[in-house]
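The following pair of complexes shares a single chain, chain A, combined with chain B in the former and chain C in the latter.
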Partner chain A sequence: MDVLLLPLVNGLTQAAVLFMIAAGLTLIYGVLGVINFAHGSFVMLGSYLTMFFFVGKFDTVLGLFSFIFISSVVITLLGWAVEVLVMRRMYKANEFYMVLATYAILLIIEGCVEKYWGASPLSLPLPDSLNTTISIFGISVPFYSILICIIGIAVMGILWFLMNHTNLGRIIRAAAADKTMTNSLGVNVPALFTVVFVIGIFLAAFAGGLLAPTVALLPNMGVNLVIQAFVVVVVGGLGNIKGALLSAVLVGVLDSFLGFYIPVLTGITSYIVMAVILTIRPQGLLGKVG
Partner chain B sequence: MKKFGMKSLILFFMLALVLSGCASKETATSKNGSSSSKDNPAKSKESTNGDTIKIGFIGALSGSVGAVGQDMKKGGELAVEMINEKGGINGKKVELVSKDTKGNPKDGIQAVRDLTQQGVKLFTGVVSSGVALAIPPVLEQENAIVMTTAAGADEITGKNFNRHVFRVSDNAYMRNTSAANLFYKKYPNLNNWANFSPDYAYGHASWDAFNNQMKKINPKYKVVKDSWPKFGATDYKNEIASILAAKPDAVFSSLYSADAITMSKQAKPYDFFKQIGLFVLNSNEGDISSALGKDMHPEWSGVHYYAEAYDNALNKEFVERFKQKFGAEPNGYNSETYVSIFAYKQAMEKSNSMDTDTLIKTLEGMKFDSVTGQREFRKEDHQAIKDIVWVKVEPDNSDKGWKVTEIEIVPGAEVMPPLN
Partner chain C sequence: MKKSSIFFIIILLLGYFLAPLFVNNAFSFKLSEIFILVLFASSFQFIARTAGMFSLGHAAFYGVGAYASAVLVQKGYSIFFVLLMAGVIAFLLSMIIGYLSLRSTGIYFAMLTLSLAQVVYLVIYRTPALGGQDGIPGILAQPINLFGWELDISRPEKYYYVIFFTVVVSIFILYILTNSSLGHFLRSIRENSVRTSSLGINVKRYQILAFGIAGFFGGVSGALLSPLEGIITPETLSWTQSALPLIIVLIGGINSFWGPIVGAITFEMLYSLTIDSGASNIYLGIILLAIVLLFPDGVIGVGRRFISMLRTSFSKKKGRNMEELKGVGKHGNSAARRSI
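After this line comes the complex of A and B, so read on.
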């Protein structure tokens, strides 16, 4: 039993974090048409800011989650500034320039973090009360992993509600389907772009904050995450949130299982999953053709 | 919906590849303020033969092991500063010029080429063994020497021996053979070992040396679990749980830097370090302990150098000056590059020459005093015979969160690799 459950829980934890990053990435692509290369650096910034606010103060569970939230809000403001000052000027340009612009943002953020916090790996201690395992069917699972899974499900629920049962969600879906039409119907598309970008950045920063107590913090830690999240986005179908959810779970769990049973594949499993799925369905799991 | 942007996808992945190396940084550290060298290579070439000796520092200054390279460079800077205060080498001022290798062989080769263009013949540093193994052909071509100060692969001074390469620090064979000897002696009842090392050359070389030596000396030795996580992995929970399931008495690991930190954090909820009797991490220059702080676990760490392990005049001076300049106690990355520059100094003064061939001959078999006592470059393979230092780290209630409670020094001569 444990050989099945253990990689499953670890895979789901990974999936929860990947989904939060991928959901923002795919949302931004779907509406703005931009592949946001800088996404990973907002995740990284989420980790660093959480550490910065948290270390040495209010060493409690409440403290940790408050600071993850506060950091995400601060980074969301930064994301807002980036959208208004940089992105907005680029929408009409060739998509090449867009990718390069977001790449430049990534380098700037990474450079600033390295300047301020240094290149050495840093660590944020998890409050003792979270640093335990709970027993599920006789195997120990870190409590914090379970917590991340639960938060992932909650975020998913909120996003689903936002997209399907609010006015904003309807407009976002409309804009993703046809920008010109949406604009001509009186929707302020530039403002909508800002809102969508900011939601994506909030999710990224939040994921970074959640991840912070479980890994070593490095200025370039976002790169691998964004590449993995991007695999998730492509597998799920570009621009499709449901697809991102499905593929985050698929990629996360398969990565964990394959890594557990065939250790030599660790690290490349997500690409194998991507290659197989794109061969069968080039448009991604839930992507539409064309 | 926007059409599938194939071009930007390709660009995205191209940039992703570039990023794994990150942006290049070139810095010229000069105490005389002669930063013109880069703009005018012809002039600087001349100045080498004139009144300045340029020593090139190459190492990963950015990327995932960038912090290691930056630490190493600090040691070099301090050595150069101290040598210049006392009149330089053979009456000439010394200048340290540095170049980022980003830890990859291609950039390493480029770094050597660029600096030799500026008239550098003597190199120090090199974090990655991959770089150390890639640069000898260029060194030969440019008639230059490198003294590696952290790269641990046995081949560098073994199978891939090149007379232009010296290693002032220890290697994987020495470090991990000494671990087997030491921990069998100290903990004779811990026989069931698990391995937890990164799946690449360094991890395998470390484990092979430890494993082979243990098999030789401990008849009851058994490997109950062999785990090889990917280098740079961010999730170790599956491996942690399966190692615990195998119930080892002791765990040997050659994870390092960020990987070791991530592993320790993820192992803590499982009470990993309480369930095993002994955790040996073969490379922790205090960087891992400091990052973990109050989360630090008990372990025996292998180090190049530990400031309090040595009570000699050279070490006292080094520690004092380092604290003055950088406001922190020096670690083994600082010390090895520092030592290498003084080794060059001794060779240049002894031979009163700057000629590469003469310097190689002088360095071969040369004995020199260092912060860790006397060292010697073995003539046949250019490997320094130097002490291996192990420190026992235990968590405590101080602000730092941990302290060193025991120091063990294994003389290098006991664990030198056999010559082919």
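After this line comes the complex of A and C, so read on.
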């Protein structure tokens, strides 16, 4: 039983984090039409800031989560500044100029983190009350992994509610379908772009904060995460949140299972999944044709 | 090309040819690196500018070329055979990657090239025979024999001539290809692939061929690298390396054939100036942002604008038609933004 359950829990944990990153990416692409290479560096910044605020001061569960939240808010403000100062000038440009602009932001953030915290790996210990295991079917599973899964599901629910049952969600969906028409109906589309970008950055920073106790913090961790998230987004279909969820679970669980049984394949699986799915369905799992 | 620019290029080439006689070894090492970057970026430019295909996995060919040359050089083959073989291996690989990626277009195409290049990276990273994470150290090129004249190219200042010769010949070939009928087909595909295919041209075949050619020269540039550095690591294939030619081309100017050359020199200068501060990434990012936001035509675009400004103010004195000149400058810039 444990040969099935452990990779499953690991895969779902990975899927939950990937989903939070990929949902922001796909939301930003769907509305703004920007492939945000800097997304991963906001995740990385989320991890570093959480560590910076948290370590050695408030070693409790409440402390951890409040500081994850605080650092997410700080990074969201940074994301807002980036949108207003840089992205807003780029919306009319060629999409490869936009990719380059976000790549430049990635380089700047990564360079600053490396300058301030150094290039060697740092770590953030879990508070003792979270560093336990719970037993499912007689197998002990890390409690924090389960917690991340639950938070992932909660984020998914909130996003679903936001997109389908609030006015903002309706406007976002309208803008994704037709910006000009939405603008002519009296919606302030540039302000909407800022809101969407900021939501995406908040999700990324939050995922980074959650991830912080489970990984070694490195300035280039964001670069690797964003590629994984891209795979998820592209496999699911660009601009499609449901697709991102489906492919996050697919990629996360498949990668974890194959990596568990064939260790050589760890990390490669997701790219193979992507190559296979895109050669069969070039627009992604749930993407629209054209 | 104009007669004056050909003359200028010949003078420049002569200067670079004689350079190792006048500068110290560290500087000719730097020059060698710049030449390699020039070829790497030019091979990328060939698909990006001519064919309009923005690949984000170009480092795969560069790295595979570098690994092929590392292995073959250690087996004792002559350097020119090694370069050719590395190019051919990269060519075959890039035909495969091109065939798979060209099923989709635009940003999907870019992401597919990126992820397939990641597969190549991880495969090399995990192959113990290729040194895994540590790579292959101690790569020394064999001496070559040119018409009875022995040349010990294991020293960087001598190896410089191999690099110089290869890069100049490769860029010359790329120049001819860009202006050949193949280049015209590719431009026509870039502008309107549906119309081109209705003219009876097999769009996909030409695109894959172009991708393969870019892979070939990318492989050759990588193959030049490993005997120069003496060591090769999997980092040569990482995806940040794939962003390098894109950055260089953009710094130089994406709309000119000479963009990669100007870009590589500028990039290497910036890098050398900022490496000591330990924050070269921050500077690079700021410069990239400035280029993207303010100077979309790169250094060449800025130079052209400057020259046309000089001409305008010069012709004012002569009383020539200013409006026409201004119009050309403006139109050139807006067309540049659109065409890529």
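The criterion applied here is as follows: the second predicted complex is superposed on the first by the 290 of 290 C-alpha atoms of A that agree within 3 Å, B and C clash if a C-alpha of one lies under 4 Å from a C-alpha of the other, contacts with A are read in each partner's own complex, and residues count from 1 in each chain.
Keep in mind that, in the parts below, contacts are C-beta pairs under 8 Å (C-beta built on N, C-alpha and C of every residue); 3 or more make two chains touch, one makes a residue touch a chain.
Remember, it's a predicted structure, so these values are computed and weren't measured experimentally.
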Simultaneous placement of chain C and chain B on chain A, clash or fit: clash
Which superposed partner A:Gly63 touches (first chain B, second chain C, both, neither): neither
Partner chain in contact with A:Leu238 - chain B first, chain C second, else both or neither: both
Which superposed partner A:Phe143 touches (first chain B, second chain C, both, neither): first
Chain C versus chain B, contacts on chain A by residue: B
Which superposed partner A:Arg89 touches (first chain B, second chain C, both, neither): second
First (chain B), second (chain C), both or neither touched by A:Leu126: first
Touching partner for A:Ala275 - first (chain B), second (chain C), both, neither: second
First (chain B), second (chain C), both or neither touched by A:Ile35: both
Contacts of A:Gly169 with chain B and chain C, given as first, second, both or neither: neither
Partner chain in contact with A:Ile108 - chain B first, chain C second, else both or neither: second
Selected from 5-13, 59-67 or 149-157: the stretch of chain B that, after superposition, runs into chain C: 5-13
Where chain A meets both chain C and chain B, residue numbers: 35, 95-96, 99-100, 103, 106-107, 110-111, 114, 223, 227, 230, 234, 238, 264, 267, 283
Chain A-facing residues of chain C, complex: 54, 100, 103-104, 106-108, 110-112, 114-116, 118-119, 122-123, 126, 239-240, 243, 246-247, 250, 278-286, 288-289, 292-293, 296, 337, 340
For the chain B and chain A complex, residues of the former touching the latter: 1-5, 7-9, 11-12, 15-16, 19-20, 22-23, 62-64, 66-67, 70, 199, 227-230, 232-235, 237-238, 241-242, 245, 257-259, 261-262, 265-266, 268-271, 287, 291-295
Chain A residues touching chain C - in the complex, by the definition given at the top: 35, 86, 89-90, 93-97, 99-101, 103-108, 110-112, 114-115, 223, 227, 230-231, 234, 238, 264, 267-268, 270-272, 274-275, 278-279, 282-284
Complex contact set, residues of chain A against chain B: 2, 6-7, 10, 13-14, 29-30, 33, 35, 37, 95-96, 98-100, 103, 106-107, 110-111, 114, 118-123, 125-126, 130-133, 139-140, 142-145, 176-177, 213-216, 218, 220-221, 223-225, 227, 230, 234, 238-239, 256, 259-260, 263-264, 266-267, 283, 288, 290
